[in-house]
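Quick one: the structure is below, questions incoming.
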Amino acid sequence: MAKIRDMIPAFELLQPTTIEAAIDLLDEHRSGAWVLAGGLDSFDWFKDRIKRPSAVIDLGGIPELTGIRDAEGGLEIGAMTTLTSIVRHPRIRSEYSIVADAAEHVATPQIRNQGTMGGNLAQDTRCWYYRSGWPCYRAGGNTCYASAPQAMNREHCIMGRSRCVAVNPSDTAPALIAVDAKMIVENTSGPKVYDAEDFFIGPSIDITRMTVMKPRDLLTRVHIPAAWANAEFYYEKVRDRGSWDFQLVSIAAAFRMSGGTIEEARIAVNGVAPYPVRLDAVERLVAGTSGDEATANRAGDLAIAGARALRHNDYKIPMMRNLVRRAVGSVA
Amino acid sequence: MAEKLIGADIAPPDLHAKITGRAKFAEDFRAPGMVFAKLLLSPMPHARVRSMDTSRALAMPGVIGILTADDVPAREGPREACLTNEPKYEGEPVLAVAAVDEETAAAAIEEIEIDFEPLPFVVDPLESLRPSGPNAYTEGNQFSGEDGWSQLKWTAADFALIDAGRMPNPTAPIEWTKGDPEAAFAESSLVLEEVIVHQSLTHHPMEPRSNMAYWENGRLFAFVSTQSTQQTKFALAGALDMDPEDITLVAEFCGGGFGSKISGSTVMQIPALFSRKIGRPVMLRITRYEENYVGRARPGFQSWLKMGFLPNGKCNAIDLILVEDGGPYGSGDNGTAGMTADLTYTPRNMRFRAASMYTNTPPKAAQRGPGGAQIIAMMEPILDKAARELGMDRLEIRRINAPGPDVTFGPRDTTLTSVHAREALDQGAQMFDWAGKQALSGQRNGSKVTGLGIGLSPYTAGSRGRDGLMLIRPDGRLYVHQGIGNLGTHSIADTARPAAELLGLDWDDVTIVWGDSSKGMPRSTVQAGSQTTHAHTRANHAAGMDALRKVRQIAAATLGGAASAYSVDGGRVRGPGGSMTFAQVAQRAIAMGGEYDGHVLPEDIHAQTVPAAQMLAGQGLMGVARDNYGGEGSIYSWVAGFAMIELDHDTGVVDIKEFVGVTDCGTVLHPRSLGAQVLGGCIQGIGMAMTQRWVFDPQWGVPFANRLYTARPPGFLDIPLNARWGAVGIADPTSPVGAKGIGEPPVGAGAAALACAVADAMGGVCLCRTPLTPDIILAELEGRVAAHGRLDQHVG
Amino acid sequence: MGQEETVGVSEHSFTRRTFIKGVIATGATTSSAGYLFRGSSLLGAATYQTATERLITLTVNGQARRVDVLPHETLAMTLRYKLGLTGTKLGCDRAECGACTVLIDGVNQYGCSMLTHQVRGRSVTTIEGLENPDTGELSVVQKAVMEEGGFQCAFCAPGFIMSMEALIAENPNPTREEAAHALSGNLCRCADYHKILNCAMRAAELARAV
């Protein structure tokens, strides 16, 4: 069968108007179903004719999935809330600016106007072997093309590999880990709450998925607790191109300060592993310090302990170290 | 008094259509009964079709037909056919299916069973030169018209040097020497030897090369995307082996080409042939993914450079070896690269060797400043290195080496009509405040280090001997018929200005006729090599002079007195016998006939102009003439680019803080449009040096930077927002208008200024490769082992 | 809203839920220019059970347009190949270049990367909808572009202009940096960014003067 791209194969379009209806549709169609949020990742797969769901469930008509609400002193962001709404939300901007900052680094204005919180978190990896439809481990095959000796893998991972060496592409993921967000996932059995860092999974857990979500699951909302409101934040995304690009390495850090001392820290890095990496050891290291230069240097070195480069991505090791240094040093 | 047109900011007449959605690009045309074609692309870099079964596809409801390589003109040797049974790069079109809609056509493609026999391939040109390296063709890796195929391999001794990072001493198909380079190197006080890699990169014009065609009564109507309308009609006729006068070619707008659509495209043959076969209009919508393949790419170079300098900074010798990525169908950028090196650094002693190697990568073509842009981006940082070694100012070393008016360069001692490179450097240095900014060079602010860079870049900018064709119709308006294409440079309008000025007309009284060969087009240049402005201001000047002569003669014949005593202004001709309107003159011309209304044509106009002029004869006063102004020497324009950047030593990220581009391109026709060309070209160059890339998996021979987000052309957040431009503005003395072209030279200037500024921000370390992405910059700054070999090509 | 209706469906396990079900198109389409997807119903059996074809009403440039739209059809395709609105360009069809930018309820989005069925009941504005339909008067953005002599090849122009419309509606007094940021979802391969930015700044100026 010859290959062709750039035409979306036919599917049944289902447009539920309630969460309950959406979950029922997912349950009914199981592996044949595809959840359409903003669609920017989905349409790529469809146009490449690699993913061919029989039923596409468009969440755009479900009002309860959209919007940002005050909840338990913190905030609750509906999964279908656009990234632009997050960027512009007054409380996010003032109290959780790292989330707005991260959302603003996503792609382009048009994509932020359409792309959603849920879509940005649940999007698939951009490994170009996988996205080209090659039969790799992640696609159900039995090899990883990106880690072959001659492979082109400058954008792939330096840690967390397990057969697959792809990275998580989400800009908002590390920011949400840094504020201890919770992801609420629902299916016909009811809702389940995941810590942000546990929401993302690596290939050692399931090589075909980027998150805990299985075919019947629906991410409905993200809860940001009050705990990290108004902390000291640091966000940085290093990319090749200022316009429309995924991260090479990105970092999100939150520091709760007491006087000049870091009381508690949350630091997450993306673009270095198949999932956003929370740097627990670094967080412990910097707690109780002022984020001084010596601490920052030690933090950077600790962050990359165990990092291992592929042929073309050794640069990510110093890049990650330098970003961790900068993030820690930002509070000094 | 009529307005002064040359040098004025006048928006082109098609702008309203462009900004209201009315402008029709090729994919915007429709025809009754139109069907859609989809392409089956080769899944392998080199393969042969052993067998195919299309029966299931053809049996599908809605499928109209199939076009295979057997239906299209075959091409011998390394020449490109529009469909092939031996694809030579991944993505090469093998066949096309037409159906009532694209979705059916796509589904039909998936029903086709093709058995491809994989063949050996090569994606890295240098690999094909290795003693036992692969060839892109089963027949060899070199081709000549006389001798056919052969195999060029360098020796093990050459590769021992190459692999040791040294300059080899190979045989090369292209070689020339002038002066005595070896003796000159011996006299040099500084000799630099460098290994430099310049990447290949896809053109990616905004408009993919979609096109549509149908036949009516043996006549082909082709709606194509092309840079050069009139010449494309002939190119298409040649490809289809048919009479050009049986083609109506419509190309009203072209959404960018940059050299990739000079005479249209190879795929424009497909709808033409397909619609003839199935008797239905055929639309071939080329997607961005397909454009990555069937669009063109700039050839990259792997090179060794030896450059000698005298104590005062004068370059006295160059030894340059280039290996060019020729793609499957060849490329000759190396020739201009060698010429450009000799012109820009005037060494007087130079040896040039080059080999263009076929590779199984998408086809190569001229890309804005072909050869020149690459070599300037490669060599300017080396000039900086020399300046540092010699303790010289980097502006000064460029001034010392830049050519003067008496320059001769290249293997045939080419001369120039005019050159004001030093003036461009000086004006740019003043605008940029080069002297004042020296203190900022290398200054550190946290992790960010400031770097300054200059790029001086020449390119060809004109040609002679084209035709102009225009009518003053009985409505009193001037209709300038333009065979050049409408690719966004505004030259369809701007090159008509000299004629309007000669005839004393306001711009509002001028209509530009373009974009449709049935409207009558004179012999024109292909829009390449920045010829258009120079060539067609001259041609339209000549035709304008012809019209003016006829206006005066008609006035004198009608009103009395000597023709020379009549003058024109505001749509009237006045003289001793009174005055007439141009409307009256046009009517008189028709009445008088003969040469006045185009029934008798000048003998020296091109044969291609004759049918167009004959078609328009009798409709008004015709101005028609060949550009016989002559002139000695090549026509070159220059751009001097100045960049200030900040390089973040923690991340390798470059932030461009300031940019100035100053051009020597003769008389300024249209300042605002010129500024757009200068800065736009410089930004393309910045993209070429910094953000864009071309990546191949060497094991599988397939490209991965095949989307815009992976190919990464620069966007709004990658460029300086306060860039400024200037023009020296000295007329070229060999043209009656004085204007030279400008499209090409800014690319090298932008790329080189950026590359030099990056090296400056790294304390003078030249990475000697493009693209300068954060990964390779950071690896160098951090002292890590580079991820790629010095000469690796296509690693992005 | 268009012709679609919200109905409860009482078959299989659908009893408890609501979802939007379109009216099945019966061939009574007004879309004579619908080349692109015309034969696609023929393919249903070959791939999957397709969703129902739908005859819907779209609000485009202030007009209600009846059109037959397949479930998997993108807005850019509907505009270009069914409604004759070819001003919306396809430069990449992958949400990467911005040539297809349209306004959905005043917000700039990529027309290539949304399903037409997702914009039922919403207001779609394309480049063709910016002029005053009665007088032909250009929008302030278009006027600004005319004044500044904007764009080279202009394949990107319709998309840029739609983004400029969104920009000045949102931020009538932008800095150059803010304007560049707002336009960063549109590519210009001629790289005429300098002049495009001048157009945007001039458009904001004209808008403030209105």
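Chains here go by letter, A, B and C, matching the order in which they are written, and residues are numbered from 1 within each.
The rule is simple: a residue touches a chain if its C-beta (ideal position, glycine included) is under 8 Å from a C-beta of that chain, and two chains touch if they have at least 3 such contacts.
Everything quoted here is computed from the prediction, not taken from an experiment.
Visitor: Which chain is in the middle, if each chain's centre is the mean of its C-alpha atoms?
Guide: Chain nearest the centroid of all protein C-alpha atoms: B.
Visitor: Any idea whether A-C or B-C has more C-beta pairs in contact?
Guide: It is B-C, judged by the count of C-beta pairs in contact.
Visitor: How big is the gap, in whole Å, between where the Cα atoms of subunit A centre and where those of subunit B centre?
Guide: The separation of the two C-alpha centroids amounts to 41 Å.
Visitor: Provide the C-alpha centroid distance between subunit A and subunit C, rounded to the nearest whole angstrom.
Guide: A distance of 28 Å separates the two centres.
Visitor: Using CA atom averages as chain centres, what separation in Å is found between subunit B and subunit C?
Guide: Here subunit B and subunit C have centroids separated by 33 Å.
Visitor: Any chance you could list the residues of subunit C touching two or more other chains?
Guide: 40, 43, 47, 93-94, 96, 181, 183-184, 186-187
Visitor: Which subunit B residues sit where two or more other chains touch them?
Guide: 102-103, 107, 287, 708-709, 714-717
Visitor: Two or more other chains in contact with one residue: find those residues in subunit A.
Guide: 6, 9-10, 242-244
Visitor: Show which residues of subunit A lie in contact with subunit B when the two form their complex.
Guide: It comes out as residues 1-7, 9-10, 49, 128-129, 132, 145, 148, 150-152, 154, 238, 240-246, 248, 311-319, 322-323, 325-326.
Visitor: If we count contacts the way the header does, which residues on subunit C are in touch with subunit A in the complex?
Guide: Where subunit C meets subunit A, its residues are 6, 12-14, 16-20, 40, 43-44, 47-51, 70-74, 93-96, 98, 101, 107-110, 113-115, 117-118, 163, 166, 181-187.
Visitor: Could you pull out which subunit B residues touch subunit C in their complex?
Guide: 9-12, 15-16, 18-25, 27-28, 30, 34-36, 60-62, 99-104, 107, 204-208, 253-256, 258, 283, 285, 287-288, 487-490, 672-673, 675-677, 679-681, 683-684, 687, 707-709, 713-717, 719, 721-723
Visitor: In their shared complex, at which residues does subunit B touch subunit A?
Guide: Against subunit A, the touching part of subunit B is residues 38-41, 43, 102-103, 106-107, 109-114, 287, 289-290, 447, 650-653, 691, 695-700, 704, 708-710, 712, 714-718, 773-776, 778-779, 782, 784-785, 787-788, 795-796.
Visitor: Over in the complex, which subunit A residues touch subunit C? Could you list them?
Guide: Residues 6, 8-18, 20-21, 24-25, 28, 36, 39-40, 43-44, 46-47, 52, 54, 56, 58, 60-61, 84, 107-111, 113-114, 242-244.
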